[in-house]
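The structures considered in this document are given below.
In the two complexes below, chain A is the common chain; its partner is chain B in one and chain C in the other.
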Partner chain A sequence: MNWTEILNFSRGPLLHVAMIIFIAGLSYRLVRVLLLGWERDKAKNKGSKFWGAIVNYLKGLVVLPFIPWVRRTFRHNELTFIAGGLFHLSLFVILAFGTAHIMVWKSLCGFSWKGLPTPILAFFSATGIISMVILLLNRLTQPVLKLLTRFPVWINWLVVFLPMITGFIMARHLWFKYEVIFSLHLISVSLLLIWIPFGRISHFLFYFFSKTIHGAQAGKRAVTP
Partner chain B sequence: MKSQKTQSAINTYLKETGGWVASQLEACTRCGICAEACHFYQALGNPEYAPVWKLEPLRRAYEQRFTVAGKFKLALGLDKKLADSDLEHWSKIVYEACTVCNKCAHVCPMGIQLGPLIHAVRAGMAAAGLVPADLAEATEKQKTIGSPLGVTDELWRERIDWITDEWEAEIPVDKVGAESLVVFTSIELMKFPDNLAAIAKILNKAGESWTVSSTGREVVNFGYFEADEELTRLFMHRVFKAAEELGVKRIIISECGHAYDAFRWAAPNLMKVPKGVEIVHISEYIHHLWKTGRLKLKEGAFDGETITFHDSCKIQRRGGIIKQPRELLRQLAPKSFVEMTPNKEQSLCCGGGGGVISIKEADANRYAVFEMKMAQLQEIQAKAVCMVCSNCRLQFVDSVGHFNLPIKVHGLAELVSKALI
Partner chain C sequence: MKEKTIYEHLREKGVSRRDFLKLCGTIAGMMGLEFVAPVKAPGKSLSPSPEEIVAQALKTRPKVPIIWLEFQDCAGCSEAISRSSSPLLSNLVLNDIAIEYHETLMAASGFQAERAKEECLKKYYGKYVLVVEGSPTLAEDGIYCTVAGKSNLDLLKEAASGAAAVIATGNCACFGGIPAAHPNPTRAVGVADLIQDKPVINIPGCPAIPEVTTGTILHFLIMGQLPKTDQLKRPLPFYGNTVHDHCLRRPFYEAGKFAGSFDDEGAKKGYCLYQLGCKGPTTYNACAGLKWERGLSYPVQSGHPCLGCSEPHFWDGGGFYQGQSAPTIRLDKGSTATLVGAGVAVGAGLAGVNALKKSRAKKELKKQQASEARAETENKKEG
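Entry: the complex of A and B
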């Protein structure tokens, strides 16, 4: 098998299988949770659940990840908090506005949009990678994280890091031949997609539950989430 | 080893695990940021006090029963089944190093409701009979005698009579047809009678038609501290039954945070509650009486020494009564009222709530937390602090004594009553 064949395999059957596992696995987990049943909260509202949820999303998406000082709570661990926020921001920027990724979106949904200039993309991909390294070091040294971290967490880290680093190398045309690095990128992406339903990277799916619940609970009690 | 009691804990966890619990356990990324919010972790540095770690028994029970990943992890030896020793270990963590103040939920990037989930962990402990001895003893007293402090019917009557005489505050007992039923805590009755008398004076001054009940006389709910659902219901049922018998329109919860949380937010989901009876906290009711002109308060009555307000987790952060006590304080001490930071929803807990103060073995924990509170007080050079929860007040009075601080501790009602015109 030469690299051209490997590339054909990884962007063909492998990626398709990975996507099927990704979608089927996450759907299963979602349905599993939904089927556990939901009881209606019968306590009378003091404020608006709806507004609580809206405020919570706005705060969570816009304000807090980048301004940890707002709550004066994160004074012991600001770097982790900012690294976490920047990691997610970088990931979304690259996935949504990376020129190559836009082509993938076009093939999936039929329309496309304008990508960001290369230097900006380079900045965000580097930021994402650096943030991940900081988060790794933090996880290796913080006592609470050491206690919480089990083997699957390292897999989570690795399967996210590999597509990022291979994507970075490919976009900058460094060191490797195109077929080689593109294959490695696609294999690592497939690995990520296959792993997501089994680990905690799936939090993006349940984020909408917990975030809505917290906002609604705060709104119901007339407090700011 | 797993005995029958561990099995009852696991059964409780599985019963508690609806979509509401499951979706939040699934959302957790194990980022550990919640530890930043926990006053017990911040004060003592024990990583096991991180709120997310307190959920371990619930998480394990849930994952191993309901998720493929959980079953895999078990098969590969990456996770362990819950054993007796685990529950005993976590019992100390969830009862002695958590006030269920839910600040962690406010810092969690995912918004996971750690407080209510820790309450669920406690429920399993209660089912397994693994409640700390002191807490269990107080609960037993509430069950059999009617008060966690062991106040008997006779003693209750004597104290009410004594307070009536001593403070010249009329306290109507079992008055059928009154509009409001006021339910006090044993803490107020035995330790802060001044606060009880103050509330009586305020209500009398406002011309409120109110009463206390000799059968529904305890508002504190030690079943709720333990998270024993049956006892939680029983203790609230006593009050609801009294309210129905007296035909009142509202139940006024006196200065107790957990009680307000139980009656206002938990009761409708746990039991049948009397129709048309509203639940209000005394601080919001006093504010209402003042705003509607039924009370007149002398402006600046407490101006002089710096006074601050301590936010209670269940009344402010989880109860939404944030602006009312502040507006009252701005009337009472417009020049001397200063806020601590952080405050309101982000406030730092006193360290004694959630039953912690009733557990002797947790004394070191709560004093350590109070040192953080002390730093907050000293930062603004407060000479007095005021609050609307007797449990907080007990922790403050005890800790101020322990650390020998020159700070006066007040209940809000007590200040209001002294400023009545």
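Entry: the complex of A and C
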């Protein structure tokens, strides 16, 4: 089997199966969480649930990231906060505005948008990769974190890191032949897609789920910050 | 009688010594022969220059007869070679090296042509180069492509048995090409899949670049062997780099400037065609270097993305105008809905089973608590 065949396989059947597992698996997880049910809240509404959810999103995504020092979590562990924040931001920028990724979205949704210039993307992908390495070192050196870290957490790190590093190498045309690194990138992406429904990376979906519920509850009780 | 050398042939045809040396230089360049600047070390003689190697070979070697067969093809590769950008080179290959049998280009037809081929196969047994254009077909013993009542499989085996080397030209002969596109009804395959006992080289492309075909034939003539190849049996001097590597739009790729459609501002400014589906990054071919029509242009230069025609299965690679990063098997709305439905059904089913178990356990617990309470009151009564 040569690399051209491996690339054809990873662009075709492998990615297809990975997407099938990803979609079916996440739907399953979402339904299981929804059907766990929760106690009926019999308290009367004191405020707007909708407004509570909106405020919660604005607070979490727009306001607090720019004034992180007001948070206790930041004051207790600045490094994790900054590296984690930069990692998430970089990942979002690359996935949403990288030209190659925009082509993927176009094939899935049928429309596309303008990407960012390559140097900016290079900056963000490097930032994301460095943040991931810092987070790993932090986890390896902090005794409390080490105690808390179970095996799946290392897998989480690996399956996210592999697509990032292979993508970076591919976009810069470093060291490998294009079809080799392209195949490795696609294989690692497929691994990530297959792993997401089974691991904690599914928080990319459940984050919005919990943010909405908590915001709505705060809104109902009129305790929106 | 001693066979005439190519040089003698050329001299007879009136080619001057000057033209001959120019031809040698052209051939050396075409073959990608490298020349290290002569720095004479004491006690060592200088190695001959590429032109000298070519000239020596043409002066001493006899013609290499070529038998050119066509199977499932469009004759585009023959068309391309007959319109080659270097008339001197194609003339050399067509007349002097020389093509002894070519179904499309030869004047003879019918029984005459068949007899000519049989004579060639006998006369040059073990010496000729077999060039195959078009894909052989396996389905039902090759009956989907027959010439003079013989299946293409028989024709190929017969011709290959006496060949010194086999050259597959065009994507069809190399990898099955368009006839092998899904669902491949004739079970078209590449020549190398069938011929295992002879040296086979692939010159893929749609069509193959004529200079690459002639260059490979000349390499065999001059060096006495086929050039070094990559994993897909493609000659490295021509397929060592991707179209993307030497692309004139590459700086725009690096800068992230892309044409979004064929007539937008980016396309007019000559930006990179990656977003329009260019397969240049994974396509190994000499288009960007040799170009077509005497070095005039090649697809990417003239504003069209590379189709990846020198790669296997380029016809089934997910659409010519689809970005290369996009998956080749698409999830449509229907199958996505089915998948979501399946996930939801399994999730809901398991949740239902859990709820059932929970309610049963609750009932059991209640029963147990009731019987315990009863037992306790009875104990009290007895007490």
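In this text, the second predicted complex is superposed on the first by the 213 of 225 C-alpha atoms of A that agree within 3 Å, B and C clash if a C-alpha of one lies under 4 Å from a C-alpha of the other, contacts with A are read in each partner's own complex, and residues count from 1 in each chain.
Note that in this section a contact is a pair of C-beta atoms (placed from the backbone, for glycine too) under 8 Å apart; a residue touches a chain by one contact, two chains touch by 3 or more.
What you see is a predicted model, and the numbers here were worked out from it, not measured in a lab.
Asks: Do chain B and chain C fit side by side on chain A after the overlay, or clash?
Replies: Aligned on chain A, chain B and chain C fit with no clash.
Asks: Can you report the vertex angle at chain A, computed from the C-alpha centres of the three chains with chain B and chain C as the arms, to the nearest 10 degrees?
Replies: 170
Asks: If you tally the residues of chain A touched by each partner, is the higher count for chain B or for chain C?
Replies: Touched residues of chain A are more numerous for B.
Asks: Have a look at where A:Val144 lands relative to chain B and chain C in the superposition and call it first, second, both or neither.
Replies: In the superposition, A:Val144 contacts chain B only.
Asks: Does chain B (first) or chain C (second) touch A:Arg32, or do both, or does neither?
Replies: both
Asks: Identify the partner contact of A:Lys46: answer first if only chain B is touched, second if only chain C is, both if each is, neither if none is.
Replies: It touches chain B, and chain C stays clear.
Asks: Looking at A:Ile23, would you say it contacts chain B, chain C, both, or neither? Reply first, second, both or neither.
Replies: A:Ile23 sits against chain C, while chain B stays out of touch.
Asks: Classify the contacts of A:Ser202 with the two partner chains as first (chain B alone), second (chain C alone), both, or neither.
Replies: A:Ser202 sits against chain B, while chain C stays out of touch.
Asks: Does the superposition put A:Ala222 against chain B (first), chain C (second), both, or neither?
Replies: First partner only, chain B.
Asks: Which holds for A:Ile213: it touches chain B only (first), chain C only (second), both, or neither?
Replies: In the superposed model, A:Ile213 contacts chain B only, not chain C.
Asks: Taking the superposed arrangement, what is the smallest distance in Å from a C-alpha atom of chain B to one of chain C?
Replies: 7
Asks: So which positions on chain A get touched by both chain B and chain C?
Replies: Residues 28-29, 32, 35-36, which sit in both footprints.
Asks: Please give the residue numbers of chain B that touch chain A in the complex, ascending.
Replies: 17-24, 26-33, 35-37, 41-42, 45, 47-48, 50, 52-53, 66-69, 72-73, 78-79, 103, 105-113, 264-269, 316-320, 322, 341-342, 344-346
Asks: In the complex of these two chains, what residues of chain C are touching chain A?
Replies: Counting only chain C, the residues touching chain A are 231-232, 242, 244, 253-258, 260, 274-275, 281-282, 311-313, 317-318, 322-331, 336, 339-344, 346-348, 350-351, 355.
Asks: Give the list of chain A residues in touch with chain C in this complex.
Replies: 2-5, 7-8, 11-13, 15-16, 19-20, 23-32, 35-36, 99-104, 106-108, 112, 114-121, 178-179, 182
Asks: Under the definition above, what is the set of chain A residues touching chain B in their complex?
Replies: On the chain A side, the touching residues are 28-29, 32-39, 41-44, 46-47, 56, 60, 64-65, 71-74, 76-77, 80-81, 84, 142-153, 198-200, 202-203, 205-207, 209-211, 213-215, 217-218, 221-225.
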